[in-house]
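One chain, subunit A, appears in both complexes that follow, with subunit B as partner in the first and subunit C in the second.
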Partner chain A sequence: MLRLIIRRMLVAIPMLLVCSVLVFVLVANAGDPLEALRGRPNSQQAIAQRTATLHLNKPIFERYWLWFSKMLHGDFGIDNKGLRIGPQLWRAMGTTLQIVLLSTILAVCLGIAVGVISAVRQYSFFDYSATFVSFLFYAMPVFWFAVLLKVFGAIEFNNWLENPGIGTVGFLLIGLLGAGFTSMLFGFKRTVSKRRRLIAGIAGFAGTVLVCLLVDRFLADRTYFRWIGTVNTTDPRFAHQGFWPRLGDHLGHLLLPVTTLAVISYAGYSRFTRASMLETLSADYVRTARAKGVSERAVIFKHAFRTALIPIVTVVALDFGAIFGGAIITETVFSIQGMGKLFREALQKDIDPNKAMAYLIVTAINVVVFNLIADIIYAKLDPRIRHE
Partner chain B sequence: MSADSELLLEVEHLTVDFPTDDGVVHATRDISYTLSRGDVLGVVGESGSGKSVSSLAVMGLLPPTARVSGSAKFCGQELLGSHGAVKSLRGNKLAMIFQDPMTALNPVYTVGVQLREALRVHNREMPKREITERSIDALELVGIPNPKSRLESFPHEFSGGMRQRAMIAMAMINDPDILIADEPTTALDVTVQAQILETLERVQDRTGAAIILITHDLGVIAGIAQRVLVMYGGAVVESGSVDDIFYRTSMPYTAGLLGSMPGIHAHGSRLRPIPGSPPSLIRMPPGCSFGPRCPMVTDACRVDAPGKFSLLGSETHASACIRRDEVLAMDDARTMFAATYDTEVVRD
Partner chain C sequence: MRTTKRGKLAVIAVGLALVAAACSDSKDTKTTAPPAKGGTITYAAEQEFYTYNNGTSDGNAFANALVLNPVQPSTFYFDDKAALVMSTDLLDSAELTSTSPETVVYKIKADAVWSDGVAVDCKDFQLAWISSNGTLTQQGSDGTPVTDPDSGTSVLLFNTASTTGYENIKSVECADGGKTVTATYDKNFSDWNALFSGLIPAHVVEAKSGVADIAKAYADKNMADLAKAAEFWNTGFTADKGIDPTVMVSAGPFMITSFTPGESVVLEKNPKWWGTPALADSIVFRLIDDATQQPIALQNKEVQVITPQPNPDLLAQLEGVSGAEVKVDGGYTYEHMDFNFASPLTKQLPVRQAFALCLPRQEIVDKLIIPVNPSAVVVNNHFYFPFQSEYVDNAGDYAKVDIAKAKSTLEADGWALGSDGIYAKGGTRLSMKIARKDPNPRRASEVQLTAASCKEAGIEIIDQPNEDIFSNILPTGQYEIALFAWVGSPLQSSQKAIFTTGGSSNFGQYTNTKLDPYLDQLTTELDPAKLAAAADAADKLVWADVATIPIFQFPDLTATDGTVTGVIYNPTQAGITWNAQLWSLK
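Now for the complex of A and B:
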């Protein structure tokens, strides 16, 4: 196992070296960092200064080496405005990491749970509903979904919070959801008859409406703070308040971007889990386990799920590395000061080579590192790889 | 062989249907047999004849879409329908091994984990040390060298034959009364096949379990079984002792099977395969299901009459053929297929 890890790490090093060369050469050819300066009056001095900081008068090999050797020490240089890139990068990474981590955890938990149930109850009502929802989310463009969330999840919801009440249509809709949920929960076993499922559904409807009535009474005549944030990750009004209000504010701001990313990943993970589980559930060793007299629950979790997990974990690890640099659209819609923002800034008007390279190399390192992690987890989960 | 010993399994009128989009697949029809302690019952037939389905039904391992009727009693206890009975007996009193040992073991657990699991699910209170000891004994019984260290091996570190031995060990670890072996040697080399059969015989000697051996290989049956069921198109078409089946054949299908088997004595002569292919289990031919391929078919065979093609004869040797006496009287029933060898193949 240790040998495998070391071997994979040794493979990662030349990969990263090639990445750094590619990043440098591509950014160097991506645009003229002096272009915006040329048009200005008295630009001579500014051009000379930027040429000096970016070493533009030196040959490309030397420039690469200057950049690379500094980067090895964690120094990403300064951007076009003369600010150090390092602190900006770390801050952006922290923000993006929060969103990506939360959304991945959410998507993995939900996606795996729904995928497993869908596979175990293949072609059931639950399976069809889950499939429908997954494809809906999968097909939805991120920018559009994010905007919808902003309008209905935040602005309308915040308006509603100012004078909350459920209303007749709300009662009916929530009641129907409750009915569906209880009948599904109750009728989870195949053996339960249709009539009993129906009774469970009606009871669920009644129960949910009752709870709604109570909530409605509780909500009436109160006004709540506009809690869900749509822009950035914090509200400056909370800057000088205590820990808990600040945390609440922060979570209110994270809610929508995290939901956006989670919903899209969820769609993929639930389908992937379902397919993987269906494959292992029909495997011969699952039949062997049943023939041994192992309980159905243990058959599903110990035998089918454990093996189905191998490809799922790999995909999640790879996704995590990729999504880290790729949440640009979501970050833009919600104006989040993350990695995506950093990259966009680097490319606007005149190119900011150091910033763009910093983003690209960090993203590349991420992908390589999570590839490595995926490899290690894969080997950990699958003895056939481990003993290779 | 052991007609008066304890009756273990009594299967009566076992019928399994699978509803599909194309129609109902009649996987097995009206199968009845009994199994006593110490018996080795061979079940032969070609692919799709219902051999496996009938035993999976007894084990309660069919998919939930299957419709099972009839009865299967283990020591008087009904196995079908009532989920409780078969669930507690499965792996404990009734054990099963499968065709492909390459895929029948879970690749992510060691052989030891899987062996111990088989023991633990039926003996919750058994101390760990005893479980390990019994696992080692089980591997030893099936002839795996260094059983103690082999417990820590993963299935992919075993050869095919070793995996099938491990499967047998897993099946036998709870001392079952009945072991159903579903084509246990089909996926293995011929030399390994012999070893596995030997292992099965040894295991049976030691434990006295009854074995149901499902195979399409008559050679395997001849070596190990005492009684034989010949299945065709989802039904039993002939049953009897090994000698009855091999030397007093009374069903043209059995004769055809024997004729398609290569043997040392028939050296130099051509094999005589049965022309045509097995019937569709959705649309069975009227009358005898073997009728369309049978060289002895008469108009009477094509008339569908309930009960006519059920097994007739003595309890020890029965046949579904209405011309069984003529077949029985032949010197070598196998030769009946020689004439049809070059003629047009009848297909359903």
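Now for the complex of A and C:
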């Protein structure tokens, strides 16, 4: 195992070096970093100044060396606004990491759960609805979905928070949800009779309505703060408050972007899990297990699911590396200063070579690292890999 | 079996708990609610604040100016009619005491202090002049000036955004313990009252760079000290270092109290402010760089004031926001058609005249601008805008489309209508290309309307879209007409570069020796009445030559959620926060 990791890492280093040279040359030829300075009152002096800062008068390989030697010491230089890039990069990585991590966890949990149930109950009502929903999510444009979320998940919900109450329709809807939930839980086994499912449903309805009644009493005559944000990751008015209020505010701002990203990945993961699970469920060893008299639960979770997980884990690891490069649209719509926005800024108007390089090199490292992680997990999960 | 049942019960309990939680999502938000009425007004900033020193070449940005308006002191400010008004908060008086040489005496209020308690005084004026007069250049370790090998230009020691005006000043003298400032010019500068705005605290630069007296260092030509001061002036004020209250001091109604990169800037009342207190306790700038998301944030009550670039979709979006107050005005940025005087066609006056007569300016405004700004009008002056008192309609014959006159003008010049309906002379068809930025649907429509109208007058117009006309088309000279916008300015001294012979912004190489003296006068004339007269004379000449044709002002939008008052549009580069101290919650 260790040998595999070391071997992979040794391959990664020259790959990154070649990549950095290639990217540096591309960025150097991608645009004119002096563009915005032309035609300004003191353009001559400003151009002279920036030329000196960016070493534009030096040959490209000397520039590369200057950049590379500084980068090795963790210094990414300054951008066209005269700001240091390092702190911007770390901050953007932190922000993106929060969102990507949360959304990946959410998407993986939901996607795998729904995918497994869909496969086990293939062609059931649940399977069809899950398929419909995931294709719907898959087909939705991100910016449109984000705006929908903002309108209903933020504006309408916040309006409701300002004057909360459940209302008759609310009781009915939530009650029905509760009924569906309990009857599904009770009736998951196909052997459960219809009557029992119905009883479970009615009990669920009654229980939920009862809880909601209590909650409604509690909510009456109260008013709450508009919790869900549509832009940024914090509300500056919370800056001087304690840890918990700030965390609450932060979560209220992360909710919508995380949901947006999660929904897109969820669609993929659930389809992927379903397919993988169907394949293993029809494998010979699963049939053997069933024939031996192993319980259905053990067949599904111990035999089929474990094997089905192998390709999913790899996909998740690779995906994580890719989204970490930034979800440009999501970040833009929610005004979040993550990796995607950093890259967009580097290319907007006049190209900002140092900024673009910082982004590209970090993204390259990232992709390499997550490829490595995917390989390692794959080897760990699948004993056949190691022996080859 | 038993365990399974218990397991199911547990799951049901969790399920119920989840549903219950869904009903009461907000349980803990009660404790986190900030005070309901704290007098905070939030503005949606389209770009991020990033430096306290807006005077550097890197730092010169509208986003910074918006935050700094109520923070840094200025001798004069632009009001909502683009007139320069003396700040009675900062000054007792500002007087032009002599016109030859031009001498201006500023008397600073005795109680004017920075938020760290140090007086606002003459030293701050001296720093503005020293940093921006362009006389100090960087020196290498061997003492020779650092230059750009391509242009041979010296790199300035203070990386200033502009030396305009300050380069005309010979000396800035102090008296009365630093409260009287006398600026003496060696070359007159008409827009003297636009100088000394957004002052940077000299005592901060001195303290942080370890220079005892910056004015003395300048007088003694102590380059080592000046280099240290310049180093701090150039790089010490950027926001990536965080908000240091000893650096980003305020001498305005508000001070910067917090900055969250990528998110927000918070201004709170300056406790040392000596003038009329601001009405709001705090002004917050939140970064929302996608303009289409600003109305949603307004609707979600996250921001109260937004100024995105308007378009019909955005206006429709705002109509759906209950209580929103929306206003659209024409600003200083204006669309215009510029002729290429190096082209064999457009260097001929009758061709330019005929084009001006078929250019459907009113139709362009009606169809493309009125839907966004119902009060939009055609601009008929190159030097003043309709909201200014000096504005005069000098368009004359070119005010309206006149196809018959366009034809007769061409025919009088020897052009003859060809069988294809296009005029020709000496084998040359009257076919002209309009260069414009692409993609830009509005400009594409403008060219379409123009082509349709001019076809009737026997002039063929060809659309020449390019993603960057300033780099790819204008320098090559391969065009007849350029369609683009100027970011205008109320400062008449700034007009020279556009119209004068060989001017840096005179892309079409227009030249008129009668015009040049007027343009010179615009930079030096100290009498406002004579200045307006010179601008008017210059405008009449530009119209007579049909050198460039203004079309319309870009619409600017100001919207509030209806809970604030005092937010007033300002067409100049000051921006919406020019009167932030008068913003208040209803």
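In the analysis below, the second predicted complex is superposed on the first by the 381 of 388 C-alpha atoms of A that agree within 3 Å, B and C clash if a C-alpha of one lies under 4 Å from a C-alpha of the other, contacts with A are read in each partner's own complex, and residues count from 1 in each chain.
Please note the rule applied: contacts are C-beta pairs under 8 Å (C-beta built on N, C-alpha and C of every residue); 3 or more make two chains touch, one makes a residue touch a chain.
All values derive from a computational prediction rather than experimental measurement.
Student: Given the superposition on subunit A, are subunit B and subunit C in a clash or a fit?
Tutor: fit
Student: Of the two partner chains, subunit B (first) and subunit C (second), which one does A:K292 touch, if any: first, second, both, or neither?
Tutor: First partner only.
Student: Once chain A of both complexes is superposed, is A:M140 in touch with subunit B (first), subunit C (second), both, or neither?
Tutor: After superposition on chain A, A:M140 lies in contact with neither partner.
Student: Taking the superposition as given, does A:L177 touch the first partner, subunit B, the second, subunit C, both, or neither?
Tutor: second
Student: Applying the touch criterion given at the start, work out whether A:L219 contacts subunit B, subunit C, both or neither, answering first, second, both or neither.
Tutor: After superposition on chain A, A:L219 lies in contact with subunit C alone.
Student: Once the two complexes are aligned on chain A, which partner has more residues of subunit A within touching range, subunit B or subunit C?
Tutor: Looking at subunit A, the partner in contact with more of its residues is C.
Student: Check the residue A:V369 against both partner chains and state whether it touches subunit B (first), subunit C (second), both, or neither.
Tutor: It touches nothing on subunit B or subunit C.
Student: Taking the superposition as given, does A:T307 touch the first partner, subunit B, the second, subunit C, both, or neither?
Tutor: The first partner, subunit B, only.
Student: Just to be sure I read the superposition right, which of the two partners does A:Q45 touch: subunit B = first, subunit C = second, or both, or neither?
Tutor: second
Student: Could you tell me the angle at the CA centre of subunit A between the CA centres of subunit B and subunit C, given to the nearest 10 degrees?
Tutor: Once the two structures are overlaid, it is 160 degrees.
Student: With the two complexes superposed on chain A, say which partner A:D382 touches: subunit B (first), subunit C (second), both, or neither.
Tutor: Touch status of A:D382: first partner only.
Student: Note down the smallest distance between any C-alpha of subunit B and any C-alpha of subunit C in the overlay, whole angstrom.
Tutor: Minimum over all C-alpha pairs: 14 Å.
Student: Could you give the residue numbers on subunit A that contact subunit B in one complex and subunit C in the other?
Tutor: Of subunit A, no residue contacts subunit B in one complex and subunit C in the other.
Student: Using the touch definition from the top, list the residues of subunit C that touch subunit A in their complex.
Tutor: 8, 11-12, 15-16, 19-20, 22-26, 28-34, 38, 40, 50-51, 56-59, 61, 134, 146-151, 153-156, 159-164, 234-235, 238-240, 258, 260-264, 266, 284, 286-290, 293, 296-297, 299-302, 470-471, 504-505
Student: How about subunit B: which of its residues touch subunit A in the complex?
Tutor: Subunit B reaches subunit A through residues 59, 61, 64, 87-92, 95-96, 98, 100, 103-108, 110, 117-118, 121-122, 154, 156-157, 167, 170-171.
Student: Over in the complex, which subunit A residues touch subunit C? Could you list them?
Tutor: Within the complex, subunit A contacts subunit C at residues 32, 35, 37-52, 57, 80-84, 87-88, 91-92, 95, 147, 150-151, 154-155, 158, 161, 164, 166, 170, 174, 177-178, 181-182, 185-186, 204, 207-208, 211-212, 215-216, 218-219, 222, 224-239, 241, 244-245, 248-249, 252, 332-337, 341.
Student: In their complex, what parts of subunit A are in touch with subunit B?
Tutor: Contact set of subunit A toward subunit B: 190, 283-285, 287-295, 298, 303, 306-307, 310, 381-384, 387.
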